[in-house]
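A single structure is presented below for examination.
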Amino acid sequence: TLQHLFKQIFKASLELMGEDEQKALLVSRKKHPDNTVVDVKGEHIGDGQQRLIAGPCSVESEEQVFTVAEALKNRGVNLLRGGAYKPRSSPYDFQGLGVEGLKILKKAGERFDMAVISEIVTPGDVEAADEYLDVIQIGARNMQNFELLKEVGATDKPVLLKRGLSATLSEFMNAAEYVMSRGNTNLMLCERGIRTYETATRNTLDISAVPILKQETHLPVLADVTHSTGRRDLLLPAAKAALAIGADAVMSEVHPDPAVALSDSAQQMDIEQFDNFINTLRAENLLKDGVEETARI
Amino acid sequence: TLQHLFKQIFKASLELMGEDEQKALLVSRKKHPDNTVVDVKGEHIGDGQQRLIAGPCSVESEEQVFTVAEALKNRGVNLLRGGAYKPRSSPYDFQGLGVEGLKILKKAGERFDMAVISEIVTPGDVEAADEYLDVIQIGARNMQNFELLKEVGATDKPVLLKRGLSATLSEFMNAAEYVMSRGNTNLMLCERGIRTYETATRNTLDISAVPILKQETHLPVLADVTHSTGRRDLLLPAAKAALAIGADAVMSEVHPDPAVALSDSAQQMDIEQFDNFINTLRAENLLKDGVEETARI
Amino acid sequence: TLQHLFKQIFKASLELMGEDEQKALLVSRKKHPDNTVVDVKGEHIGDGQQRLIAGPCSVESEEQVFTVAEALKNRGVNLLRGGAYKPRSSPYDFQGLGVEGLKILKKAGERFDMAVISEIVTPGDVEAADEYLDVIQIGARNMQNFELLKEVGATDKPVLLKRGLSATLSEFMNAAEYVMSRGNTNLMLCERGIRTYETATRNTLDISAVPILKQETHLPVLADVTHSTGRRDLLLPAAKAALAIGADAVMSEVHPDPAVALSDSAQQMDIEQFDNFINTLRAENLLKDGVEETARI
Amino acid sequence: TLQHLFKQIFKASLELMGEDEQKALLVSRKKHPDNTVVDVKGEHIGDGQQRLIAGPCSVESEEQVFTVAEALKNRGVNLLRGGAYKPRSSPYDFQGLGVEGLKILKKAGERFDMAVISEIVTPGDVEAADEYLDVIQIGARNMQNFELLKEVGATDKPVLLKRGLSATLSEFMNAAEYVMSRGNTNLMLCERGIRTYETATRNTLDISAVPILKQETHLPVLADVTHSTGRRDLLLPAAKAALAIGADAVMSEVHPDPAVALSDSAQQMDIEQFDNFINTLRAENLLKDGVEETARI
């Protein structure tokens, strides 16, 4: 068993090197103790204030997007999301408007002075995304689409990387490293629920992921309350928890008329519901967005 | 396919009856719209105020328990927990002091005017528990120990029922129904983390369970931040999230000297850490416990 | 970092002791290299031959049990199972006939010269089980009902321990250790599916558990194809896999008329289906039960 | 509640349409009752015979690949796999030889008259894959990389699609539909283990997926015993189970010297171990590959 002890020492040394390597990740806070702040058209995500990101699941028309954008802007929300390329389980479901969707978003961003965020799904989309978007989102299904990560890593466009459906936090941080190792430091992480046995919610919001990622990395950490819960009635409670635990921003979906939405109608808020959502978060002092009491209408 | 449609109608009728049955559960809010408030030695759990429940993982000695109890009481915490019967994965791990532990808890409860909570693991323990405890806890491993549930259901002692390690919320509510169907309405539910693939935390705190259980049942809903995270550094963030999302109480473990604890040393706070824990929750107005600013020392 | 290396060495030593402890488990093959063979009324489970265990989900009546028993016996199956105490998610579902069910089983065992197996759920049942049964089954929900494990461990009755719904193999072996550490070495382990995100099957049959448990322990290892799949159409394929991978026995449920069964009607075979099941397994030489070609009718 | 009943009827109708849609999938057996047989350079996968697919985790050099290829060919194995584009969790791990790897495989295929299989990870690789490979593999991480699926669906090259790490069988079949809806019917499905809480194995081999996929689709179904178990000692038992349950082929990894492999050294067999693997499967009549007793050397 002396031999065995030596083997163990050897293994310990290996693990030690493993830890050192982990420390050496560019995304690691050990490498970079200060918070990274990502400037998205003047919004400094990660600066200590908390923000909402909202918008329709899918971009369906200019009118639809403008209606939501105006409503958000009027409530002091400057970050607009909308899906143009929709990764759908079935090839026969609505697949999004594609580049036309990106153009609508850009127009909305210009008209209402908002930053626009949308997902792309393949390296071929990066050029268009770079032209039309303020933030490129990489969705859960593509968290380990490494060629896509490398491509967006080669731009300097802000990137919002979502956690994979069953990714460990270690895999998530390594996926982020793919982006950062190519030079792009404008990176944000987003917890969006993990797949578990529980079916009462679409996924299980892993709320502990937020403080762990804040601790282990220097990047802004967001929470997507729509995809994690999949239930309109849980958006507000989940947002409260995410803000209280320290998320830099909370994402949710807002549609002028969810009942006729082309995707995910059960989990989007209409504008009145969003009013209640944001007003409650501000009234309970959970959304620390620095918006003055008087400026909130 | 007309035949098929009729089959579907038949199935729909069956489901309809299933829903009606679910509605008919005694624990269901549809059956009983008002919140149940459980009176635990004068603490009215579920009354809208939020509370902390704290204490050592295991009862180890009178001195240990009294030290913690006094510290808690001085900070306005009136609910003391401690393990006397410890269900441990290995038969060779410390199994708890048993009935001696219950007696120490009772003594502490009398000395410091606190309510005491402890887990029992088999029907044979109910009598002693009824004598020495203010709240009987049923742990995650025993959530479907139906004979035990029926036994505690036949008393009128407050019961704290923890969610099983991989129980669905539906199974959890049905387990609660086992207690309530025997007549005991002094029942509280506790989310304590579920087993998932993620290993960064001991379990995954299913924070959405809190609002779902509040919505579906009329019972007080608690969150155990110790067993759900298994990490001392996550107790405070998890407690913030649980309180913000509306938990009626938060459970955590406090030990005078965690390093020498006979169980779970990595996840217990010492008294100084607990001070920081409770002070932060109060300072950030997350713990709505009605304790006056001036009375908090 | 020299300090860090020493810490690592210390940790390695701890792990080393952990491994030694694991080795020291009474259930471990390192402790006892030869296969344990459990004698169940003349059937030597673990002797290298493979067996089927079958019978109704619930004992409903003498007639029902006798019908199944006779059919099994005629096909060379000597191990009869049936549920008398049924742990059910809802308190309003059929809970089994209790001790009356045990008596029916005993009668069937005597009449047809078969060994009878049934589950008990609480320490108070052990005495009756010892009187009426040839094998005491501990079900998945009670795998960590440690008081029950200790009680059956104090008898010398053969015990069939099922893996918990979300138990790791390490926890499963430690649960077995609770039985064996009390002196009862007549112990068999049974894989019965684990809870995962997949809903196409009731649970996910963890087929790799069979060779791992055979390797790590010296105990007979069984597979329950009924509860792992929850689908009648998968019983035969799952049994093929379990036998090919080396299970000592396969459990399945057989009912004279599954459509009217008081529990789990969707996953029980009728007698004709069982005929096809056993005949196929024998015809394909997957069931190595030593029954002569000529004796198989 | 009459209103409620009508709602239910409406929902039932919706579900009915959902089922019809599922039936209408091109991959569905309801649409196409006969087995699809995929011709891979003369090997007719899905024809009722069972095959082995083997080769190194990563293509490292011509010598390495040729050594394995020759050994396989000599044992009657005609399907050679090897990784050229390696999707690795960390950007700092070996990423594969890329197109150089594909060329080495092609050369090996020509030299030893074997079909070669390799994974590609992004639409840009399809052209090279089409030139150098006999089968394009889409790995677990890319099961929902829909642009990649569409690209390979637009070729007529045989495609081997692996199940995602936490994909449901329904999602898996819909991913296959992405390929087939573009016209490519040369499609094979591969179960490769799912992510669960269990850590004794790298993933959990969902053995029931094999008969379910055979039943629901008309496509050949394979099982990858290497990635599902992640343990060399489980390759043989897992292969036995997969063949007994009806897999059309079993994939495993073979390396001339696993200890120095650039990836996954713990789960590859050396050539002697592979000899034992294939000889045991044949000796026990589990591998029904139609290779004559005399031709097996």
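Letters are used for the chains, namely A, B, C and D, taken in the order the chains are written, and counting of residues starts over at 1 for each.
Here is the rule we use: a contact is a pair of C-beta atoms (placed from the backbone, for glycine too) under 8 Å apart; a residue touches a chain by one contact, two chains touch by 3 or more.
This is a predicted model, so every value here is computed, not measured.
J.: If you average the CA coordinates per chain, which chain's centre is most distant from that of subunit C?
T.: The chain lying farthest from subunit C is A.
J.: Determine which of the two chain pairs, A-C or B-C, is joined by the larger number of C-beta pairs in contact.
T.: Between A-C and B-C, the larger count of C-beta pairs in contact belongs to B-C.
J.: Distance between subunit B and subunit C based on Cα centroids, please, to the nearest Å.
T.: Computed from C-alpha means, the inter-chain centre distance equals 32 Å.
J.: Let me have the rounded angstrom distance from the C-alpha centre of subunit A over to the C-alpha centre of subunit C, please.
T.: 46
J.: Mind pulling the residue numbers of subunit C that touch at least two other chains?
T.: Residues 166, 170, 195-197, 199 of subunit C touch two or more partner chains.
J.: Examine which chains touch each other and state the graph shape they make (line, ring, star, complete, other).
T.: Drawn as a graph, the chains make a fully connected set, so complete.
J.: What does subunit B use to touch subunit D in their complex?
T.: Going by the criterion above, the answer is residues 4-5, 8-9, 11-13, 15-16, 166, 195-197, 199.
J.: Residues of subunit D touching subunit A in their complex?
T.: It is residues 21, 87-92, 121-124, 141-142, 144-148, 165-166, 170-171, 174-175, 177-178, 181, 195 of subunit D that touch subunit A.
J.: Per the contact definition, I'd like the list of subunit D residues that touch subunit C in the complex.
T.: Touch residues, subunit D against subunit C: 166, 168-170, 194, 196-201, 204-212, 215, 228-229, 233-234, 237-238, 240-246, 285-286.
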